[in-house]
Every structure is written in C-alpha cells, then in structure tokens.
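Okay, structure first, notes after.
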Amino acid sequence: MQFLQLLISGVAQGCIYGLIALGFVLIYKATETVSFAQGELMMLGAFGGLVGMTLLGMPYWAAMLVAVLGMAVFGMLLERLVIRPILGQPAFSIVMLTIGIGYVARGLITMVPGMGTDTQALPVPYKDEIIKIGGNAMGIGALVLNIEHMVVIGATGVLCVLLFALFRYSKLGIAMQAASQNQLAAYYMGIPVQRLNGLAWGLAAAVAAIAGLLLAPITFVHANMGFIGLKAFPAAVVGGFGSLPGAIVGGLVIGLVESFSGFYLPDGFKDTAAYIVVLVMLMVKPNGLFGDTLRKKV
Amino acid sequence: QQGISKDEILLGSIQDLSGPIAGFGKQARLGMLLAVDEINEQGGINGRKVKLLVEDSAYDPKKAVLAAQKLVNQDKIFMMVGHIGTAQNMAAMPVQFEKNVINFFPITAAREMYEPFHKLKYSYAAPYYDQMRLAVPKLVKEKGAKKVCTLYQDDDFGLEVLKGGEDGLKTIGMEFAEKTSYKRGATDFSSQVSKMQASGCDFIVLGTIIRETIGAIGTARKLGYSPTFIGSSAAYTDLIHKLGGPAMNGLYATMTVQNPYTDEQAPAIRFWANKYKTKFNEDPTVFSVYGYSIVNTFATVAGKAGKSLSTDSFIKVMDSLNIPSDIFGSAPQSFSATKRLGSSASRISQITDGKWKVVSEYVGDPALKK
Amino acid sequence: MSTQPPPISDQPVLKLLNVESAYGPIKAIRGVSLQVRRGEIATVLGSNGAGKTTILKTISGIIDPRKGSVEFKGEDITAQDPSYIVQEGLSHVPEGREVFPLLSVRDNLQMGAFTRSDRDGVARDMESVFTYFPILRERATQDAGLLSGGQQQMLAISRALMADPDLILLDEPSLGLSPKLTKEIFEIVVRINRERGTTILLVEQNANMALNASDYGYVLENGRIVMEDTCAHLREKDDIKEFYLGMKKDGVRGERRWKKKKTWR
Amino acid sequence: MSEALLSAQNLSVRFGGVLAVNNVSFDVKQGEVFTLIGPNGAGKTTVFNLISRIYTPTTGTIDYAGPKGMLKLTEQPPQAVASLGIARTFQNIELFEHASVLHNLLIGRHTHRKTGLWQDLFFTPKVREAELLAREKAEEVIEFLDLQHHRDSLVAGLPYGVRKVVEMARALCTEPKLLLLDEPSSGLNVEETDDMAFWIQDIKNELGITVLMVEHDMSLVSKVSDRVLAMNQGEVLALGTPREVQADPGVVEAYLGSIGDVSSLRRQTTQEPA
Amino acid sequence: MRFIFKTDYAQDIRLAKHGGHLFWYSALMLLLVAAPWLFAEYWLAQLTFVLIYSIAGLGIMLLAGFTGLFSLGHAAFLGVGAYAQAVLTHHGMPFPLALACAAGLSAAVGLVVGLPALRVKGIYLGMATLSFGFIVEEVLARWESVTGGNAGIHIDKPTLFGWVLETGEQFYFLCLIVTVIATLGILNLLRSPTGRAFVAIRDSEISAQSMGIHLAYYKTLSFSLSAALAGVAGALYAHKLQFISPDQFNIMQSIDLLLMIVIGGVGSVHGAFLGAIFLITMPQAIALVKDYLPEAVGQAPGLQGVVYGTVLIAFVLFEPMGLYGRWLKVRTYLQMFPFYRKGMFKRQKSFQKSDRLK
C-alpha cells in the first residue's frame, strides 16, 4: 500500500516535471534553443489566470482560456521583439536572451505593487478534492488520488499526443524542425522561418501557461515559481532533449526516483536525486532514453 | 561619528525585496518607513531627522555583503537595523564590525545574532532554538503525543528548529522518531509526509516557512493524516491561513508579537493596523510590526543617548535598557553589557477559523539566557 | 530531344541591374547586370571566388545587395525575405548541399514542396524525382545527414525540383557526382527545361557541360561580368577554350606552373 | 614503390541495413598515388573514415607501416592516427572556420608539439623556439601551395576552391607519410584542377608522400594515379592502372557512363536567341 | 589603421604587439598599483571583487570561450575552492600553500566533471554541469563536520609567512598579483600549442581529432584548468567575504559567471575583465541611482532583475561580441576616423545550423 501510494505520488510529481519539460522540448525541436525562460512564462501564465479570476472576476474556464491565449500572443510578441532580431545567430546567444527574459519577467512581476512579492492561491474549482480507493469504511489505509494531480496527468497526456502529432505528421511541424536544423536551407525552400518561429514561441508560451495554471493549486502563484523548471530540465535530458514522449518518460523517471529516494534513502537524496539520475544517465546513455544518437557524417 | 550629521541620522537596512522571502522583506521595510515617518513628523531624534536607506539582498549572502559594503563604506550609515536573514547577517556583520557599525535587531531568530558575544551585536528575537526547545515539550505533554517527528528546511534556519526541538524533547525523555528535510524551494512533500505517516508520528515539528508549511500540511490532510503540527515564528504569518485555507486550521506556531489584523479586538493594534493600511494600501503583517518596533526602539535609545549620539553612547544606553511589553504584546526585554538578547520568551498561537489566536502565555524565563 | 521545346521569349524572367554585394568590408560582386529570358538556360562561368555564388545568393535574398536591383517576373524583389521569393516561384540549389540532416529523405523532399498545396502534383513530382534518382527511394526513410556526399547532392537537386518553380538557380549541381551521374544530371536539367519550360540559371565548374547545356553565358571575373554571349559563340572563343574547357594548345606538363595572366579585363 | 605502406584486408562495415563497405581488400604501396573511384554511395568516404578511425570496421583489419614497424591501425585510438603519419582532407571541408589560414596550419603542426602544459603556461624559451619552428614549417607549406595571399584571412570568407587548398595545406603541415584526399578537385574549374594535379604530383615526387585519394574527375585520376581501385555498392569492382580500370566494362557501366560527346544536350532548334 | 610592418616570425608570438600596447598596458598596471592611494575604501573593495571575478572569468572563458564547452555549474568550483581554503587555513595552513591546495582540489573535481564532457555536448553538457553544481552544493550543505553545513563558516584573514594581511589594501595587492599571474598564464597558453588545441576543439571536433588532438585529454585539461582558476577565485572570495555558506555557490552564481563572459565578450581575454567590471559595478550603479528615481520604480523590489535582464538582452541584441567587441569597434572607428564608412559593422544575415551535429 505504502509502495503504491509512493508510486502514485511519484507519477503525479513526474507528470508535473513532464508537463514543463514538454515546453522545453517543444522550443528545442522547433528552434534548437534551450529556453531558460520557460519557467517564467509559466509563472506569467499563472499570474494571468490569477488576475483574470481575482481582479477581473472571470469564471475559472474563461480566465484559463484568456490566460492561455494571452500568453500565446505574448510569446509571439516576445519572438517578434526580442528573438527575431538575432535569428540565425548561434543558439547560445538565444539561450542567453532567454535567461535575460527570465530575469526581466521575474523582476517585472515582483515590481507590481501589492501582488508581485506575495504568494497567492489560485481559486480553482477542484481544489483540495481527492479520490480514495480501497481502505476501510473510514477511508483509512486507502490509496489517495488527488484531483489536482489527476488534472495534470490528463493534460500532460493530451498535450504530449497533440504536440507529437504536430511534429510527426503536420507539414508545419516538420517545417519547424527543418528550420531549426538548417535555417539557410529552410529559407531556400520558401519556409517562412520567422513566422514559424513566432508560432513556436507562441505555442511554447501557451503550453507554459497551461502548465502554470495547472500547477498553481499545487505550488501557489508567486514570482519564483518558475524555478521548478530547474527540475524539469533533468526530465527533458533523461528522456532525450528533442523527444516529446521522452519528456514525459523522463519526468516520470525523475518523479518516481524522487518519491522513492525521499522515502527509502537518507535525507538529501530526494533533492539531488534528479541530478544524480541525470549524471548517471549521461554516462550510460549520453543522448537520453529517446534522444537520437547522431554523429556528423564527414 | 559616521552617519550622524548636524540634522540627520543615517540608518541602513538590508531586506529581501526580490528573493524567496520578499513578502517578509517588503513588509518589514514598510513598517520601518512608517516608524521613520512618525519620528520625523514629531521632529526627529534630538532635532535630527532619521534617514533610512534600504538595500535589496534577494536573500543572497553575497549580495548582502555588497549591500553592506555600500551602506557602510559608501553611504556611511550610523547603524544597520533590521537586516533580514541569518546567512545574510552572518555575511554582512564582518563588514559592519570593521567600521564599528552596530548590527541592531536583525530580523532573524538565529542564535548567532547575539552569540558569540560581540559588543556590536543586539538581538530582540526569541531564537528559534529556544522557541522550539520550550514550546515543543509543553505542547507534546498537553496533547499526550506518542511519537514526535520533524520536517525541516535543510538550511541554518531549519537546523535551529531541529536542534531546539531535539533538546526540548530531551527534557521530557523523548526524541524525534523520524527526521525529514527538504531543500528550500521544494514543492513536493509527499515522500516526507508518507515517511512520517508510515512511522506513525502524531506530532510534527515544522522547520518550515510559508509555502512549505502549507504544502506539507496540505499533503498530510489529503493523505487523511492529521497529526498535531507546530511551526516556529517563521511560520507565524497571516499568509498561512490566507493561502492554505481551512486545511490550515489547527496549526500551532510559536510567536512573540501578534499579527496585526485590521479588525483586531485590541483597539491599539486595530488603530495602528488601519493607519498602516491607509498609508501603504496593504494589510500589515507581523513583519511590519518587527520593522516598526525595531526603528522605534532605536529612536528611544538614540533619544536617551542625547545630542552627542555616537556608537559608544548608544551602546551605553542600550546596555542598561529595559523595554516593557508593547502594544503588540512583545515580551519584556532587557539588555546588558553581556546579555545581548532582549528575551528568549515566546508564546504559542493556533489557527482557528482562519485566524491566528494566542493560546498560551509566554513560556521561558526572560532571564534564562545570560 | 524529341519534344519541341517551348520557345524562349524575349521577356526576361530575371533581371539584375548594377548589383553590388559585399561581405562586411569585402566587396564580392561589383555592379553586375544580367538577365535570364523565360525558357532559357543561362550559365555563369568564373573561377574560384569570382562571385558566382554571391550572385545567386543575392538573387534569392540570402544576401542583401548594397546597390542595384533584382527583378523577378517583373516584380522588384531586391532584399526581400528569401521565403517570399521562393513562394514567387524561384528555387535555389545551394552550394554545399544544405540538406536537413535530421529529417528523413522523404521529409526533405516534402519540405521542397513546402510552398505548394496541390497534393497530387506533389506526389507526382515525388515519383518523377524517385525515377531520376532511384537511390532516394531506397533511402526514403533514412536521415538525410547520413547519405553520402553525392547522394546528398541528388537530394538537394530533387528538393528544388519538388517546388515546381518557374526559375531554378543551380549552384554547381555536379559537385561530387560521378561522371555518369553528372551527365545524367545535365540531361535531367535540360529535360526539365524543355518539357516544363522552366527557366534555369546555372553555375558550374564543369564548363564543358555547362556551355553545351546552356543557351546563354556570362563570364565573371573578380565580381565583374567581363564577357557575355550565346553559348554557341562562347564555345568557340579561344580564351574560353583555354581557361574553362582546358583545351590547351600546348599539352606540355609543368609549363603552366606559373599561371598566365588572364587576358581580358 | 614496393612494400605496402597500408594494407586493408576484408574490410566490411554495416550501418543498420546498409552494408557500406563489403569485404574490401587493397594495398597502398610506399610512394604511389592510389585512387578510389566509384559511383556515389559506393563506400569510398567510408573507407577513408575507417582508415582515420572515425568508424570501426565490422570485420577486417588495416595494417599500416608506422614509424615503429607494422601495426594494426584498427586497434589505434582515433587521435593516434595523425601522429602515425596519416593526414586527411574531408569531402565537405572541415576547417576551423573562425580561425585564420595560418592558425589552421599551425594546428596542423599539433602532432609535432614537443612541449607540455607547464612549459606552455610559462612560455619557456623551449616553447618559443618550437613556435618559431612550427611557423617556419607552416610558411614552407604556404609557399608550396601558393597561399601567401590568404595567410591571415579567416577561413569562413574564403572561396570554396581556396578552402580545398587550405585543407590540403593543413594536412601537409602534419608532415604525413600517407595523405588521404577526399575529392580534391570537386568545386574546382579545369584550370584549378590542373594546378591540383601538379600539386599532387609534387607531393608525391618532391615530398615523397604516399597519396590515397577519392576522385571523380577522370582526367585528374588518369593524370596522377599509379593505381586505381573501383568500388561499387561497397564491393571491389576493379583494380589496376587508370587505363585498365577505365576500360573495365563494369566500371563503365556503373560509374563512367557514356561520357564522350555532350553536344546532345544542346538546344536542337534553329531559333538562336538574339 | 595602424600598420605593423612585420620582419620576423617572433613578432607574431609576442604578447604586446606594438609600442601602443606596451604603453597602455603599463599605464593600466601603474593605475592598478596606485589604486589604494587613489580610490576610497569602498571602491577599492569593489576593485578587489572585480579582480577576484576576473580570475574566475578567465577560467570560464578558457572553458566556454576557447574550448567551447559551456558549464552551468561553475559556481561549484568556486565553492570547492572557497571551502578548501577556509578549512585548510583554519587548520593553520599558510595562505600560499592553501591557495595551491584549493586550486589543486578544484582542478581534481574539474577533472571528474570533465569526464561526462567527453561524451556529451551542448545542452547535455550544460545539464551535466548544472546537475553537478546542485550536487556539490548539497554536499557542502550536508558534510557538516567539515563545511559547517548551511550555517556557513567564517574565514580567517590570510597570513603570508607569518604576516597577517590585515587591511583591505594588502589583500587588494594579493589579489592583484594573483590576477596578473593568472592572466599571463592564460595568455601564454593561448599562444602555445595547448591553447590552439582548445580553440581547435571549439571549432570542429572532428578535424581537431584528425589533426591528432586528443579530445578527451584536452577537454578534461580545459575543465581542470578552468576549475583551478575558479578555485583560486573562490579561495580569494572566501577571504574577501570572510563568511561562506553553500547557497552562495548555487545555480544563480553559475549563471552570473556565464553572463559575465557573455557581456564581456565570449572568446577574448579582455572580455573576462570587462565582464567582471560589469558584474560588480552594475548592482552598485543601480543601488546608487535608485535613490534618485521615483519611489514606485526606484524602491520597487525586482528593479535589479529588470535592469540586469534588460542589459543582458540589449547586449545580445546589439552587441553580441560583448563589451570588448564594442570597444574594438570604437577603436577602429577612431583609428579610421575620417574614412569610416557606414555599414562597415553592419551585421550580416546569418543562419543557424543545428549544433547537434558537431
């Protein structure tokens, strides 16, 4: 029973990592950059939802929709204003840009008086509800499923399938990958690289917003909530950066390892488990579980 | 004398304005500003206006040092007041002491704020260690708890809580049945809580601050696990019940001054709270009170030190000072040339119906510590 | 060639006027003017570093010219976004292959047809490309980055054909291809020109092939056009014969150790 | 021109479903120019990659007459290949793009470094001396290949043809015994190909370096090669003098095609553009 | 433009390429030596921090700028150096010896981290180093018997042969000497085969290998050297700050180090110094200015993050070569003054290519 409960917590937490990792992988597949701003976009999305619900008094679903669409537009704007001018520069420059964007986003939110520095709760309708399986009449010894986690798990699955289909089967998705692999050739093929990039960023921001909104009941909304992205990186790496199913599997691996090491191993292992797993993974399988093993052909 | 001019006293403070406990830092700063404004409106201290410079450390010791260097060596402040954070204070104090600048009433309840002795250290906050050492055995006995466990933040703050709890339990012949910890910023406590549940703990000492307190209790509630929880004064904040909602009811925490609710029974507190709210358009918190009291105490002492205010004359007044309980219900404090902690006493409070209620008298003899 | 080739009209499809492009402070082409008529195959000859690739890149918008203008089908496309230019019906086989290394061969070809929306036409062209280069069909699911050099070159050419363009810019299509394939490539190029009326601007080191396949030729030296004429005429010129076709009067080895100065300019 | 400098026996390598090289054996004799030809995808570059240890053969071995006698090349680590006196160029040109030509050549001198980390850190007189010597050697190669004009240019801005030469220069800087050239003339025009032919001959005759090359330009092949090996689909098709191999019907069929006259490409109409 | 007429190969390997260099760098040295008498104490302390960060910057520049390996966990080496120094001097080891040990220990740790670097690149390497950074931080926090855990430890003033460096000035000179030595070492490396091998690996691993460069050896070497420099910087940092705790060496510190060289200019030794100057003065500048800004902005928390991020974005957008790149352009402009043409530094269109295939 204990084991099962740990398994469930691990899967739940793993899906959270996986959900965020999806955003990383999405941006990576479409633009070959690692976005350090993904966590911050998530934070902005959550704040968007919060403003919608508390200040503007919108119902949950409306606020959610507005926040996600708003973030999609924001992502595209971000691309237009900040990323596009240096499109084509080495990926490293763009990575640095995303770090800068992260700083600014965190700072700006913190600057908002009366809101930025505080921790806030997003009043979602399903908060604190749980499902119990088994156990006696009192519910003692039952397996506990948390609705908040179930929602995350469901959303992660759906998003993963959608994104996978986009990149595998749609012309647009393949073109995004093409542009990221060889921008020059993409231009030669008439692929509107800049517009696709804008789209990719919009999509990434929307995915981030979804992640932020789903996470909000679990971690609360605050300026530094994006730092959880630092745990999602290992998830993406373990799965193999660039593989969408890999992101989920990686997230699950990290979540489960954390859950079990937190229970069975001495203190301190839970917090470093993710990183130890990454190091071990990179030694054993340098490109992750699902990453493509490629060498330049000369 | 550095920081004192004909008509101005320059004070410095370092707060976390953009880091993990920015919520606290901001409130403390506002509390200080309120006090400064009140003092200046009343003509200042012996004709000198008070000027307060606040720097941001973002809860980062290195930034705290840089900020301290700026305040001490560049702006040449007279005194550092209400600097937040243990590690940050530890890092900044050498810079201050080199220039004979007093570290006055840092906002952290670590024992290092008055130990080992230094003539420039003054602390007002009952240490987490003493809070837990005294409150835990008392509450354990009251509740008749069988197995006591702890969940603490693995940093200097959490360790103080842990040690206090450990030493307190020793006095009643118990020890922690399970010790679990987490890293600052953690959001998932399921395995820690499961671990404590599995070992059958019915009393949990929390070395947690805001989100972690809520997260841990929330996780337990969802698992249908409801032991007695007690936190330190770091968890004594209105944010706990505001964010955590009804699930937080029943949580105990040690504290000294009361959280100033704007609809508080006591008129003095209510008046003050509303004044604060009118000025800053925000509800005050217990950290606002800390900031406010710190500056006021400074003003009292500086006023007594007279026109020829200097570090030495300040210390002289300070070392024979007795501060009675204030409107917020702080414990009486006293200082001497060897005793640099105002009081180690704290009381216990509990969340009932979504609000902190004081449930005990001060425990701990104020004269217990040297 | 049995099919009656469509006539070459006098209308220029592509017109460069006084174009000047540079890489930073280095001027690569200086005031180049040329035009390609609808339906013809034109070629640009020139030694290494003469600026041939630069001309093609300028046309397809990869480099913005400092001066001058580029006109395509009567529209000014100077310094336009390259993807826009391709959508207008111009496609470019770049120097050095430039395939999408991590996409399959089939996806690479699909990307060639990115601007098209007629599925049937695309499928048909994919078939014909596979008949030109059967190896591509064999490797359709393999990552393009793993193909051999020549196979990648085949892919790059095929990809441009997939766009079904009005004008193809070919930058050294025979690079790294076997002698047999080189000839086949030219046959294909000519066939596409004759059958579909696609206009072609060709840059090629294999001057013999280029001059035979093309209708009109330009000779580029140091970023300037120094000679232009019909290929029939160019084939007869002594300088061309000597420097580009390698038909030296004296075949004595070692004699040309010391390069002769080129005569024109 | 007698004993084998390099001898490959029964080399095979498989990538997934593709048998890129299939049971290939050949000897390269000291002091000759040995050429590999074959249709695209025949496995020529793969043979080079096997020799320079970028790939490991599935089966088969390569023997090489190193400085200390015969050794199994297939058991050497990749970075040891250069110090054994084998240098190569790449089909797609792999230069240090953001460095100057001179810098590229100096990196080519790496196998001849005589100083260690600590000496380098303090730039001892010994390092200075070695640096000057390396520079002199590099200058010799620059002289040899007529690269004076490009000495200080960044590789990224050089025309394709010049880069080919720079890559060859870099390989020569390692002072190899065996030089592997992958399509040295691709991207060069007739005149430049001629120069390349002279250089290859000079490399063989003046520098005494054995050359193994892959090449598609048959005029160059016949001009400089002593022996030619034709491959097809990973297998050996023919081996012999250039003339013999070119006459081999299999080679003509798979590789050469009916070259000869290309005037058939010309537009057949009378309509001459004005 | 200045033309240097070359008559001798030795000219190319000289550190100072011409009289101008010699003059300006001597002047700079003179200024640095005279600094304690010219600057107020506060600014001297800042200058000391600049020197310390420059040393760390040189290290990460060697790794990222010259070998092309980006580390997201460099603060760990800083931490190892700092703690080694703290523990060793506490046990009475004299400063120079402790410094050497700190450097050595960091180098050894760097060697270990270098091992995964042999197999992974780009983002994977970034994650490996990031993970490593987290693990080191945790070890520092958990190994309480040695490191004092999260409570942090105090460091004594450095003693040189029985002579205690009491004042800020003395410590400044110590840092200056170490910095000069480190800089000369790096410059020497860069003009010798070792440095060339690093740069070769950065540009193309496959050709570096075919030139006989042992990738594994040079990558680990680069990691070790870089870590050693970070370790030295960490040791000095510990003395300067006098108090260290594990969270001073967290991911944010690592990112700061990386930002430092990006803003300074990746791939130039100057960049390390300019970046360090920037990193130290920027927060100071904000702190100085914010008191004059309107309350709502000046006192708002988060201002620093916003300014910091904006400056970083601005650099990447407008000056990808960093401060040093900007300086080069200004210099060229001045040298060519009447002949400067517009568009000379106009950025060319450039096109990204997958770096998964390097």
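Each chain carries a letter (A, B, C, D and E) given by its place in the written order, and its residues are counted from 1.
Quick note on the criterion: a residue touches a chain if its C-beta (ideal position, glycine included) is under 8 Å from a C-beta of that chain, and two chains touch if they have at least 3 such contacts.
Here the structure is a predicted model, which means the values were calculated and not measured.
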What is the chain whose Cα centroid lies farthest from the Cα centroid of chain A?
D
Among the chains, which has its CA centre at the largest distance from chain E's?
C
Interface with more contacting C-beta pairs, comparing A-E to A-C:
A-E
How many angstrom lie between the centres of chain D and chain E, each centre taken as the mean Cα position?
41
Give, as an integer number of Å, the spacing between the C-alpha centres of chain E and chain B.
38
Roughly how far is chain B from chain C, centre to centre by C-alpha average, rounded to an integer in Å?
76
Can you give the whole-Å distance between the Cα centres of chain C and chain D?
27
Two-or-more-chain contact residues of chain E, please, as numbers and ranges.
138, 141-142, 206, 301-302, 304-305, 349, 351, 354, 356-357
Mind pulling the residue numbers of chain B that touch at least two other chains?
17-18, 22, 25-26, 154, 183
Residues of chain D engaged with two or more neighbouring chains
45, 54, 90-92, 94
Along chain D, where are the residues that touch chain A in the complex?
45, 49, 54, 90-92, 94
The chain B residues in contact with chain E across the complex are 17-18, 22, 25-26, 53-56, 58, 60-63, 65-67, 69-70, 73-74, 86-87, 90-91, 93-94, 112, 154-156, 158-159, 183-184
Okay, in this complex, where on chain A does chain E touch?
28, 32, 34, 82, 85-94, 96-97, 99-111, 113, 116-117, 180-184, 187, 223, 230, 233-234, 237, 241-242, 267-268, 271-272, 274-276, 278-279, 282-283, 286-288, 292, 294-296, 298
Note: in the complex, chain A contacts chain B through residues 2, 5-6, 9, 12-13, 16, 106-107, 110, 113-114, 117-121, 127-128, 130, 132, 139-140, 142, 144, 146, 218-220, 222-224, 227-228, 258-263, 267-268, 270-271
For chain A, which residues count as touching chain C in their complex?
171, 174-175, 177-178, 181-182, 184-194, 292, 294, 296-297
